[in-house]
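We call the chains A, B, C and D, going by the order they appear; numbering starts again at 1 in every chain.
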Amino acid sequence: MTARSETFKTEEGLQKAVDICEIFNIDIVVAIGGDGTARGAKSLSEKNIPVIVIPATIDNDIAATEYALGYDTALNTALQAIDKLRDTASSHERCSVVEVMGRHSGYIALSVGVASGAEVILVPEEEFDFDDDIVLTLIKDRNAGKRHYIVVMAEGVGLASDMAKKIEERTGIESRSTQLGYLQRGGAPSFRDRWISSLMGVRAVQTINEGRYNRMIVHRDGDCGDVDLAEALASAKRPLDESLEMANLITI
Amino acid sequence: MTARSETFKTEEGLQKAVDICEIFNIDIVVAIGGDGTARGAKSLSEKNIPVIVIPATIDNDIAATEYALGYDTALNTALQAIDKLRDTASSHERCSVVEVMGRHSGYIALSVGVASGAEVILVPEEEFDFDDDIVLTLIKDRNAGKRHYIVVMAEGVGLASDMAKKIEERTGIESRSTQLGYLQRGGAPSFRDRWISSLMGVRAVQTINEGRYNRMIVHRDGDCGDVDLAEALASAKRPLDESLEMANLITI
Amino acid sequence: MTARSETFKTEEGLQKAVDICEIFNIDIVVAIGGDGTARGAKSLSEKNIPVIVIPATIDNDIAATEYALGYDTALNTALQAIDKLRDTASSHERCSVVEVMGRHSGYIALSVGVASGAEVILVPEEEFDFDDDIVLTLIKDRNAGKRHYIVVMAEGVGLASDMAKKIEERTGIESRSTQLGYLQRGGAPSFRDRWISSLMGVRAVQTINEGRYNRMIVHRDGDCGDVDLAEALASAKRPLDESLEMANLITI
Amino acid sequence: MTARSETFKTEEGLQKAVDICEIFNIDIVVAIGGDGTARGAKSLSEKNIPVIVIPATIDNDIAATEYALGYDTALNTALQAIDKLRDTASSHERCSVVEVMGRHSGYIALSVGVASGAEVILVPEEEFDFDDDIVLTLIKDRNAGKRHYIVVMAEGVGLASDMAKKIEERTGIESRSTQLGYLQRGGAPSFRDRWISSLMGVRAVQTINEGRYNRMIVHRDGDCGDVDLAEALASAKRPLDESLEMANLITI
């Protein structure tokens, strides 16, 4: 189940997967992936193939778990990129607009925005007014003596190159864009991703040993657990509410 | 309070700190550091200078908090170093012995040992038998087809260069040592360290605003809180027990 | 002379610089920078302020020297970013379009393109035909069994996001863009940049000690030297010719 | 020829290699490696198997070429490690002793020592007096206001842990050791290593196409060339002389 598959969503595709499990005597499928993978696994479980799902998506938008594998690595990669933008800030007044991943979810933008001390953070979950929320903030920061500005935006909000052009036109501050794109998906996994994946792996084996199937392994309140897969998928996407509030406390 | 100070432990040194707080009208001291810093802050609080302590030590050995700032950065730095040792493994049979920080605490050794898939992990909290726990493990791994072995040891266990020599003599496997030393203290802070430091900073301000003093900000069960400083320091050092069990489940 | 200055190009601005040199008893100015800095230094020398220029520009487009400081660091930064794009290539068929710096110069694009094994490299110095040079190359590569494609383009060629859209439309291959922007200017200097800057610094002092002024320190044929500043600036920009030929030999 | 082989040095081992070339119709062998590899290739050429040698050794001690593949990557890895040691220097007075690779060659120590601004550099080619060259230098630096000292030593000089102990005993400065060991061999290749390996590869193919065999590809005066293999191996190891002089000019 390593690639996203449209075939899998069809009755024929699903039956093919069931057949393969039977041919190879696969007793149980441990699926690692995001929302799509989890839904595919659930379909498989409805065909009487027991499944365990380990959540892994850099968007970290699965409601049932506070942590999905890959998230910490992606955040560190994005952060290191923004650090390099700060490096060039000493001599020129300049605004750096950085587009991070997240078509529908602002988790990455919000997290690296706070961690990098961004002046402005834009997420798809929250409407913003270009003049009030961006231009005014940058002008105030300039008046307060700042000489370099970082704007972090999720890709769902638009293109960084367009935003940089607009900011330069309206504020007169030289603005340059960076679009991280898929490079956030690469790199060696961080410590936290390796550690939690070890914990989740142990938990998956324990869950199987104890005869509980069709479960999603989750990480909540700093610890691993497992929940019913169907229930996990019934809950809506994880909202940004709490993190947004924290970001406001920190950046204001 | 940026450097460890013996002066601070004397009555005169402490009184000097109290005087400085009065001269500069310092109402409250927020101290960031490890066990020594926290004890110094407690002494100050007993002289009626209100304090808040934010735990920061790469040893992560403060019992009251599950997380101390700096730990994640140190783990990632150590892990990246060990990854480079794995890189050289393709053509030669070889054992790499890596000495990580930790004179009295095995947290770093245990964590990076698990995360890097080390064949052997040695911590000061746990006795080991050279032949049974090291030689035998390596020989078994060799018989199972492995060609490269990583031994992670805390500095409290001894010198990596001595251990490498002993292993080479007894097993015949070419062994080389790496001692990370203080390089684990350097590098740009990881995402997690920046995020939790933001959370702890917000919590510190809230604690002060709510009129609660002489508290340690802690991170437990995935969330920030604050506890009485004296109580926090009364508890013994954080034991390795649970993590050790997890490491055994994973490495065996 | 740390920031680009329009003022410096005026007679008044220049006179101000001359005055400052006199007031502070500055006997000689060692200027570090690119073409603009070198031309400013030359103006200063014409006002009888002796100057030495050390070339530093990540575009590496100064004709008189084969190497300008900052180039190796920028190349390594860009290369590490592209390595991360390769990392995500295992399971999905995908084209990654990476826009690197270079409005008028293709040095960075060409160099990192070769070093990262890019399928297509686009530089401003060389015209290309979208269908013949890009679409056809990618289709041939796909027919030859490739599953992941890297297109490296200099910013002077256009926007990566536009290029990715065009490629996806014409080939049907899912295409994603990354625009590195100013992050190529950041990061700790590489070994080569530190080494050559040490050599150039030594050479600058020697040149001054030997009473030769208004010189540019250059790096040619693997060694440092110094040339007349006016002559250095008279020569046209460094052309891509030789490197292009090498790139063709390697990528074909 | 990916692993060092004692067998290869025997007449039987060599004959086996010749047989394999015949069985698999190998017309020409392109060998990549250090001095040992080059000598093995020469033996093969004496059995009428044409060879081309591409020099690759992080020691960079092959006299015939100014650059051997792997060197730049190793230097950058060592430099990044030393940068992290500098990071921890702000609050404590401390001496960091770093042991880098080089049993008989001081190239790495000298190069990263200069590039990291080390206070003391120790190489196997040059005798030193502990009191005059180390203790005195550190004391003078302390008197001049320095608070952090880096001592870079090649492994051929001794163990960093011993040196740190001796320095602490004699100067009273808290001293800690780091032994990089084989981690210098790992990591993704740097830009320079990828670029020069591309150039050398092209040159190797050209050399073969032009019918010249038993050659070593070399990099001299900033460009690639090829020289007779036997002559290349006749010359002694590359001496440190020039670089040492440069290091003295820079560090004094």
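Basically, a contact is a pair of C-beta atoms (placed from the backbone, for glycine too) under 8 Å apart; a residue touches a chain by one contact, two chains touch by 3 or more.
Being a predicted model, the structure only gives us computed values, none of them experimental.
> Among the chains, which is located farthest from chain D on the basis of C-alpha centroids?
The chain lying farthest from chain D is A.
> Need the CA-centroid distance for the pair chain B / chain C, whole Å please.
Each chain reduced to its C-alpha mean, chain B and chain C end up 42 Å apart.
> Could you please state the distance in Å, as a whole number, between where the Cα atoms of chain A are centred and where those of chain B are centred?
Inter-chain centre distance comes to 28 Å.
> For chain B and chain D, let me know how many angstrom lie between their CA-based centres, rounded off.
Chain centres of chain B and chain D, defined by C-alpha means, are spaced 33 Å apart.
> Which chain C residues reach two or more other chains?
Correct list: 83.
> Viewed as a graph of touching chains, is the assembly arranged as a line, ring, star, complete set, or other?
Graph shape here is a ring: one loop, exactly two partners per chain.
> Which two-chain combinations touch?
A-B, A-C, B-D, C-D
> How about chain D: which of its residues touch chain C in the complex?
66, 72, 75-76, 79-80, 83, 111-112, 114-116, 188, 190-192, 194-195, 198-199, 201-202, 220-223, 246, 249-250
> Would you tell me which residues of chain D are touching chain B in their complex?
Touching chain B: residues 2-4, 77, 81-88, 90-92, 94, 96, 159-161, 176-187 of chain D.
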